[in-house]
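You will see chain A twice below: alongside chain B first, and alongside chain C after that.
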Partner chain A sequence: MILKINNLVKKFKNEEVIKSLSYDFKSGNIYGIVGRNGSGKSVLLKVIAGLYKQDSGDVLFDGINYNDGNNFPKNIGIAIEEPAFINDLTGYENLKLLASIQNKIGKDGILDSLTIVNLVNDKDKLYKKYSLGMKQKLSLAQAFMEKPNVLLLDEPFNGIERVSVEKIKAYLKKLKKQNKLIIITTHIKDDLVDLCDILLEIDEGVLKEYDNKK
Partner chain B sequence: MIIKNSIKAFFKTNYSKYIIILLFFNALISLGTFKETDDLFTSLTLSYSNSFFISYFMFIIFINNIYLYNTFFKNKNYIIRTNNKESYSEYFTIINIIISFIYSLILLLFTIIFIIIRIKGNISFSNLMHYNFYNWGYFIYFFIKNFILIFMLVNISKYLLLLFNGYISIIYILSLIITLIFSNIVIEINSVSSINLLPTSYLSLHNYGTFLVEISYIIGEFAILYVICLILNKIFIKFRKNYI
Partner chain C sequence: MKNFLKKNYIALIIAIVIIVIGYIYLFGPFKSNQIDLKKYNDSLTLFCQKEENINSEICRDFSLNGPFKGDVDVLYIFYNLLTDSPLSYLPLIIAFIISFLSLKEFSKFFNSSMAKLILIREKYSLFLKKIFLSSFKYVFLFPIIFLILYVGCLILGNFNFDISKYATSSIAIFSFTYLSLKSKFILLFLFNIIINSIIYVLLALITARITNSFYINVILSYILYFILDIIGEVFIGLISIILLNIDPHSYFNFLDIFSFYDIPNYFIYLGIRLLVIFILGVTTYIIYYNKEKFIQFIERKWEILK
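Up next is the complex of A and B:
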């Protein structure tokens, strides 16, 4: 699968946050996008996910432009910016509600996904009682659970303890072998060097590959 | 599945329980609208045509709309799983209708309880009301008509929220309430020239001469509001840029 981005422009009022950005993301790779605060990492992922509509340019999933029609991209998992769940439901109930939209997975699928992020033991706690790290884990479990072909993860390891981070990284490497496409953003490059195949830098609204990957 | 699960999830929230308390106070308003000597269905019709009673309920449905939007429909995890904008908008409307209808039944239950206590059990089915209708029959019609009208009026505010922002939709709902309170005078509607252009006037009790005339006016009003909602839905699908 190829996710092709062509001359993408996204503006807010008159401020161009993404300026004619082009890049081809190929499945079977983990991409890391590094950029300082406000460089447009989250906005880029939101445009790819169809949550923001671009002002011009294309986002093509194997040639299909979902954003142009009235569709949201299919088979995509996202964990973008702060987790968003319903306070009065437990972690598990939150995932169950979301899973029932597409009806692709049942209880086992949800529990598997909670296991990957080390959250099974807290699955029956109310979301409002979750700690910051637990919320972030739930957000990742939500992105993983339907085994999507494309994963967009925005600073995924924020607030998560080391052991769990290592476990999630191992899982992402496994997904890569299954030919999934994974795009991760961070503002700390060192977090990603051991995980990513290709490191990119976003600056002034455009993407560049790092010349020498360590 | 998602509709059932969303509604179940909704009723697990604390918020949904606070709304039930607000509905209890809504039902209390009915006590000021009828006399102790009225029978049950006459009292119900009088309550459901009282502008304060209606505006209070309309406001609750409006708040509910905003809450649903903030917890479910502005939620990126939810949005990303709906296939397209049409089904996103459709889920929103259907879930909202069902929840609003459940609330309207709860309000009906509270109101009936208050009325029965006040009129000391004088439930008469056989009294004639408008157009020689039995009072129970007229009330059932009135209840359904008002629910549909209130829902459609509030549904327009949903689109204002989706297309613009919360302030515009609050201004819209407040202006509806103001026109409702000032237009609630019983009028005789006997010619086309006496048609009231304010959509909220169709919530109140008027004398249209015959039931056939009344129902024609009401269906006409439904059709107008329905077309407005359809147009707004198209505009939303075409022009909404950012979902979160």
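Up next is the complex of A and C:
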């Protein structure tokens, strides 16, 4: 699978947040995109996920453009920005609600993803009683649960304790071997060095190879 | 069942309270009033049978006009329930209740980033359809409540729709156009509530995109509802009086949805409401049409709530 981005431009009030960005992301790789806050990395992921519409350029999944302002890329999982689920539902119920949309997985699939992120023991707690780390884990669990071909993860390890981070990293490496495409963004490069095959940098909407001299 | 109760407990509590109040009125004050009238007729009959009373004024009236008409038809009972019981205040709060429930349904997705997680799993148009439908289910809340109350009226009125014999029947209230519908009148009544409820839900959907606060939006949709009535009754009414010399204000009375039977032509009344639904529907479509703007709105909302 190739995710091809051609001359992508995204503006907000005439200000270009992403400037003529082109890149080919290939499955079987973990890509890390490093960028400071406001560099355009979250916007890039949202455009790829079809949540934002580009002003010009293309986002093509194996040559197919899903970003028409209504559709969504098939087989994609995202965990972007600070997670926020429905407060009055438990962690498990929140995932069940999302899983019921496409009906790809049942209870076992949900429990598997909660196990991967070390949250299965807290699955019956109300979401509003979750700590920041638990919320982040639930966000990752929903991204993993339907076993998508493409994973877009924005600052995925925020607030998660070391043991779980290592477990999640091991799982991501396993997904890579299954030929999945994984794109991770962060503002802390050290989070990604031992995980990513290709490290990129985004600054003022321009994507380039990461300069290791930094 | 448990899930249904969990999801709809506020609507169920509201329905139960209104139904209980309605039945207490029907089988309490209203029924005892009818019994008192019957007792009065019986005692008057006995009184006037006595020779010394026959020529009294009250007995002359009694023999001329017959007994005081205590028996009533179903529509008369229903009318009394709407106007004489505590339920007579309902027209003022129906809009508020429907707006509140619709916005509550909506806010589940507005107050979290769930919407974004849903939108990578289904089309935006389908997402909107689902949350709109979950809000529009409340247009059936009050029709169901009134249908249950109507059953009480049927029982109390012995299924009597014959208006010809009774002077105190609904002939004094409704025009013949509506009375001729007899038992079918309730269908028109319920249809009318559904039509007006659609307006309330659309107002709620529009206000949901105005501010970031659920409670302000509830109040705002209620204010919009009053503005709609003022525009109709005052502005359009005034212009019609000045220019066309006709007073259409009753057609634009959005505040009292029970009083549609006051208007001479129901089809004009219905046409105005359908036009309002069309305008509000188009406005709602324009407001929600853009997926990115919708997402940015819930993101801004989330930033404020954090």
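In this text, the second predicted complex is superposed on the first by the 207 of 214 C-alpha atoms of A that agree within 3 Å, B and C clash if a C-alpha of one lies under 4 Å from a C-alpha of the other, contacts with A are read in each partner's own complex, and residues count from 1 in each chain.
Operating definition for what follows: contacts are C-beta pairs under 8 Å (C-beta built on N, C-alpha and C of every residue); 3 or more make two chains touch, one makes a residue touch a chain.
Note that the structure is a prediction, hence the values are computed from the model and not measured.
Superposition of the two structures on chain A shows chain C clashing with chain B. In the overlay built on the shared chain, the residue A:72 is in contact with chain B and with chain C.
Of the two partner chains, chain B is the only one that A:93 touches; chain C does not reach it. Touch criterion not met for A:114: it reaches neither chain B nor chain C. Of the two partner chains, chain B and chain C are each touched by A:102. Looking at the shared chain after the overlay, A:50 reaches both chain B and chain C. In the superposition on chain A, contact of A:192 is made with neither chain B nor chain C.
Of the two partner chains, chain B and chain C are each touched by A:142. After superposition on chain A, the stretch of chain C that runs into chain B among 39-47, 165-173 or 255-263 is 255-263.
Looking at chain A, you'll find residues 46, 49-53, 69-73, 76, 78, 80, 84-87, 97-98, 101-102, 142 touch chain B in one structure and chain C in the other. If you check the complex, the residues on chain A that touch chain B are 46, 49-53, 69-74, 76, 78, 80, 84-89, 93, 96-98, 100-103, 139, 142. Residue ranges on chain B touching chain A, taken from their complex, read 1-2, 5-6, 9, 12-15, 71-72, 75-86, 88, 237, 240-244. Interface of chain A with chain C (complex): residues 46, 49-53, 69-73, 76-78, 80-87, 94, 97-98, 101-102, 142. By the touch criterion stated above, chain C contacts chain A in their complex at residues 108, 111-114, 116-125, 290-292, 295, 302, 306.
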